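Each of the two complexes below includes chain A, the first together with chain B, the second together with chain C.
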Partner chain A sequence: MQNNRAASKFRTALSKPSALSAPYVGWLAVFVVAPILLVVVYAFSKVPSPVYYLTRETGIVETVTRETVNAELQADDSLIITVTTEDGIAYPESPENAISLLSQDNTVLVVSRADATVVMTVRFEGGGFTFDNFGGVWKSAPVFLRSFWLAFISTVICLVLGYPLAYILARETRGIQRAMNMLIMLPMWMNFLLRTYAWMSILENTGLLNRFLSIFGIAPLHIINTQTAVVIGMVYNFLPFMVLPLYSVIVKIDRHVIEAAQDLGAGAGQVFRRVIFPLSLPGVLSGVTMVFVPAVSTFAISKLLGGGMSNLLGDLIERNFRGNAYNLELGSAIALVMMVVVMVFMYFVNRFGDGTEGAVMM
Partner chain B sequence: MSRKSRFFGRAYTALILLFLYAPIFVLIVFSFNASKSRTVWVGFTFDWYRELFHDASILGSFYTTLIVSVIAAAVATVVGTISAVGLHSMKRRPRNALLFINNIPLVNADIITGVAMCLLFVSLGRVLRFELGFGTLLIAHITFNIPYVILSVMPKLRQLDVNLVSAARDLGCTWFGALRRVILPEIRPGVINGAMIAFTMSIDDFVISYFTAGSSAQTLSMTIYSMTRKRISPEINALSTLLFVVVLGLLLAVNIRSSRQDEREKIKHKT
Partner chain C sequence: MQNALIRLADCAMAFDGDVVLDNINLEIRDKEFLTLLGPSGCGKTTTLNIIGGFKKPTRGDVFFDGVRINDVPPHKRHVNTVFQKYALFTHLNVYENVAFGLRLVKPKLSEAEIERRVTEMLDVVSLHGFERRDSSSLSGGQQQRVAIARALVLKPRVLLLDEPLGALDLRLRKDMQNELKRIQQAMDITFIYVTHDQEEALAMSDTIVVMDGGAIQQVGSPEDIYNEPQNAFVADFVGESNIVDGTMPQDGVVEFFGRKFKCLDGGFAPNEPVDVVIRPEDVDIVPPGAGVLIGTVTNITFKGVHYDIIVDFHGFKWLIQTTDLSPLGAKIGIKLDPDCIHVMKKSKYSGMFGDYSSYSAEYDDISDVSVGIDEDTDYAE
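The block that comes next holds the complex of A and B.
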């Protein structure tokens, strides 16, 4: 309410300032909302497949199969083929090359023979509504499970490692806190690919870790290209995202509250369980979010450290959009499902947080 | 706190730091290695640094990253600040709705944002006849930078004393004058902070760039990614060492400055 009144006063003070955000509203519509809607549209669209149109001299257009097209092109030696591709340039082509060009959108072949001329057009047609893509998503259910499972493990490890660190830091002197904050943030400023790549040299079968262990006569560990390596990479990359929000919440907890609990006879465990942890829940929640979301969608970490063995959701999406399995429709469907599942997960995490926070307040 | 628990605390902190810095240490050491091996130390050399400065693809992508980050952060700071002022003056409902949309790129996984923008650019490109490249990369960076600026400016606007603006207007200031002379100086720390976050996010981004830059524009992260997949060269180590030194220097400078400021304030409070 207070805020609203201030806003209205602000409005009268500056004549019509809300118009200032109009350009950004347009920007949001085009570059934030429209792309998300496009993901939904693509997810429900048919995958374009080539349709071959054959126009004979009589002018009748018919849709034919690929076999018919191939047969037309191999008819005899006298045929002359002119190809017009998408860029609009026409040039003569040998039958072998012409056949390879048939897999390109908007290619027009004019096939002239002694007795007749036919025009063949290839068009990639899709765009109809379908649920088929989600069948493809269902097929990759194991990848979903693996991604969410590894992200879950990484988040738990980050929390278990990060909470004590944040707690210890919050008790340190100001100078140490400042230095430690810097030391935790410093790796974040370095390219994460470089740091992940460094883990390759450490974890390799003949890598630094195994060389170190062999000094003590310990048998080499096989870590690289396993899920363990992927989890190590995730924990390493995302641990600061857990520590920093935790620290910023814990450091603000009023010491008097803790002292009050102690005065009232609470033991160390009870103080932690019933005072400190509930008060630090907002930090836990934002830490969990900041680790889980990038962990579930990563593709570089799994590719570098997991080899081909750990195929994660991010890898799947990447291959459908930029890789050899180019299929925007299936990729969009996977992305859409992932987005929805993550949103549902976040909703429950936050509701769980709200509930306990309310309980603490009471 | 007892001395014993303090000792354990520090030991634990040291272990975590070891975990965080071991890979960086490895990168730095092997940037001076006289062999291509990533694990066997052969001898000391500066060769990789020399080669790095002759590697056109690395230097080119470094410039691209720098230019994109500077332009994107600058545009995002201006647009974000102005929009934040506009948003702040809105009624609660439309404001919250817009802030919700504004947060979408922050909450969503990077890959979703990247893929969604990739679809937009590919679809628009088919109609308007353009291809993914520097332009689309820049638009993508601006788009994910603006929310950070807005989020960092909004709290400062909430702290702003509205009466100051009214007073300026009463004294004959135009609305633009009030914006420039009253509001802007008051929210300045938020604006600077937002610009810095935006710049960092741009420099650091890999995933969104990867999906929106196409093949004609390459950022440093993209070059590193393609290098780690094909030809693994210690030039990467040399590059990361240089970046590490630069970042360390910057952070130290910022930290020393702010700790000095703290001390000055302490002294001010005492007197």
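The block that comes next holds the complex of A and C.
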């Protein structure tokens, strides 16, 4: 009793904000809130588009849209730029008159005409609130469906494979537990890409698996560059995240509780169904969360094992941030929608295990 | 014996060569409150687990109502258990905890029948109205009652209780002792109770089985155990005792400290060496001149109801409980009535207990009741 009182005192002390918590608040602000804030801001911002200002000595005369600017790379690497204004006047009137200078930051072009010098300034102007980006997200609905579907399948497979493993592990002697934990963790200490490359060489049409099968005269399987390969890669990479939380919950189930169930007349199956599984539910929820969430947003796996055929959300976002389709705003909008969908999903998963403590929420 | 409900015959238990139980023979009568009493690691919990079916004896047989049940799994025995740390199903509420066993009964019970029996049982353990409470939100005493109700709702013929009050504070423990006795009488079934707390055992039991080192030391009623301990271990473990070496020149006379005293025991060989037990509360303090023995008070502890004083008789120190305070260093005399002297045969425990010469260390050991709870339950691991 006295211990309890001391413990509760300790908890109240912890629950009070103190000077100690300041660094963590700062940390939260910088590393948690800031990225989310940026994603939200970008997601609702207009995509910057180039605006061209044509200037004479007298000041800005007109702006032109991108469609009317035409740049041609010449054989001698010089650039001939022609601009047509909305009233139909073209600068320069003839290519021979043009002197064009590309300034270093790509924003200022000097366009000359026979009679006058016009400075054209290009500015990428974005900003402003818009929902347009989400229209772009809608176009990638199939990618969303595919990502969530593959993540769902992988999570289910991880649970089906991981639960018995965790259960057996929790019942073993301490030495075996340590050794098996080590084996489960071992791949995680290896580079993620390397692991996935290894699976490439296993699953390839002429890979290890098919060579092994051919020994027994079995026709080669076409796995690489299919969704199956992506699922295999995800299961392989995320299985430890299912096993470890499950294991840590199951291993803590009091032996006496199981004995109590037996004592009250439960056979092995009933003990599992009525006691062990419900008590391990927090572990199941943690495991599902820790597998499903990264699986939804994974990228390299689908690129390497799916051969780019099964484009996933992670790839899409990556391309929008640093690929050909550079578009921070669209990328952010996709990321935001994905986050919301995952949150809704997790909400229902956690509702399912209502009242169980200790589950990793989000 | 005709009415033995459970019989352990030559039961022995060893883990990896460690003998935990050594040749246990025990008969448990129907509807009695029997307590297995002993220190940690004495084998009392192992004995309970053998009766409950959680462990199989390495040797010997277990009979229930005359039928050998060595190979009957726990859930097929007419025995239910209340576990040490309650072992409630934390994912279920109070009602579902109690209903757990009923839902497994075949053929299936109707929901109305289950509700009737759960409600009835919650009344028995005074938890009426707690049905919907979360089992983890209850206090220790309430959790204990749920555990008892959960086990009793199946109407077992025997209820096994493994140090059920060990985790409760002193006040609650006393209340629950009365409560358990009342429940046992109300249900009219056999209770087998494991504890290391001698007060608990004396207060509740019809029969006490004192165990040590995997063997039964004595079986008897609480009065037998307290008044007629069979060896120094029992005399020391149950209550407190001054144990001195003596001899029996003849029946009814015992000699120790070079003096002869009248006693009520007999049946020993002439001049057989014996252990003599004198309970601290049986000693009468008299003025030095009137005493048969004269000693010096060397330590005084106030215990509320009485004083514990340590008295030095020529190097051998006795614990005496008295309500009259004698000052430290005072010379006092003591008087011993014949019925205060209990004579025991020498045993392997002779000389190990009952000497308060190394007063402080041993005193700490015996007053710390909470020492070593649960140690022998994890023997198998």
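The working rule: the second predicted complex is superposed on the first by the 276 of 362 C-alpha atoms of A that agree within 3 Å, B and C clash if a C-alpha of one lies under 4 Å from a C-alpha of the other, contacts with A are read in each partner's own complex, and residues count from 1 in each chain.
The working rule: a residue touches a chain if its C-beta (ideal position, glycine included) is under 8 Å from a C-beta of that chain, and two chains touch if they have at least 3 such contacts.
Given the structure is predicted, the values throughout are model-derived calculations rather than measurements.
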**OP:** Scan A:Pro278 for contacts with chain B and chain C and give back first, second, both or neither.
**Re:** second
Original post:
Which of the two partners, first being chain B and second being chain C, lies in contact with A:Val33: first, second, both, or neither?
Top reply: first
Original post:
Should A:Ile301 be classified as contacting the first partner (chain B), the second (chain C), both, or neither?
Top reply: neither
Original post:
What is the contact status of A:Ile202 with respect to chain B (first) and chain C (second): first, second, both, or neither?
Top reply: first
Original post:
Which chain makes contact with more of the residues of chain A, chain B or else chain C?
Top reply: B
Original post:
Is A:Ile250 in contact with chain B, with chain C, with both, or with neither (first, second, both, neither)?
Top reply: neither
**OP:** Under the contact definition given at the top, report the residues of chain A touching chain B in one complex and chain C in the other.
**Re:** none
Original post:
If you look only at chain C, which of its residues touch chain A in the complex?
Top reply: 52, 54, 73-75, 79-81, 83-85, 87-92, 100-101, 104-105, 134, 147, 150-151, 154, 169
Original post:
In the complex formed with chain A, which residues of chain B make contact?
Top reply: 1, 9-10, 12-13, 16-17, 19-24, 26-27, 30, 38-39, 79-80, 82-92, 95, 98, 101-102, 104-105, 107-113, 115-120, 122-123, 139-140, 143, 146, 158, 162, 165-166, 169, 175, 178-179, 200, 204, 206-207, 210-211, 220-221, 224-225, 228-229, 232, 236, 239-240, 243-244, 247-248, 251-252, 255, 259
Original post:
For chain A, which residues count as touching chain B in their complex?
Top reply: 3-4, 6-25, 27-28, 30-36, 38-39, 42, 161, 164-165, 168-169, 171-172, 175, 178-180, 182-202, 204, 206-208, 211, 236, 239-240, 293-294, 296-297, 299-300, 303-304, 314, 317-318, 321-322, 328, 331-332, 335, 338-339, 342, 346
Original post:
Tell me, which parts of chain A touch chain C in their complex?
Top reply: 1, 254, 256-257, 259-267, 270, 274-275, 278-279, 281, 355-356
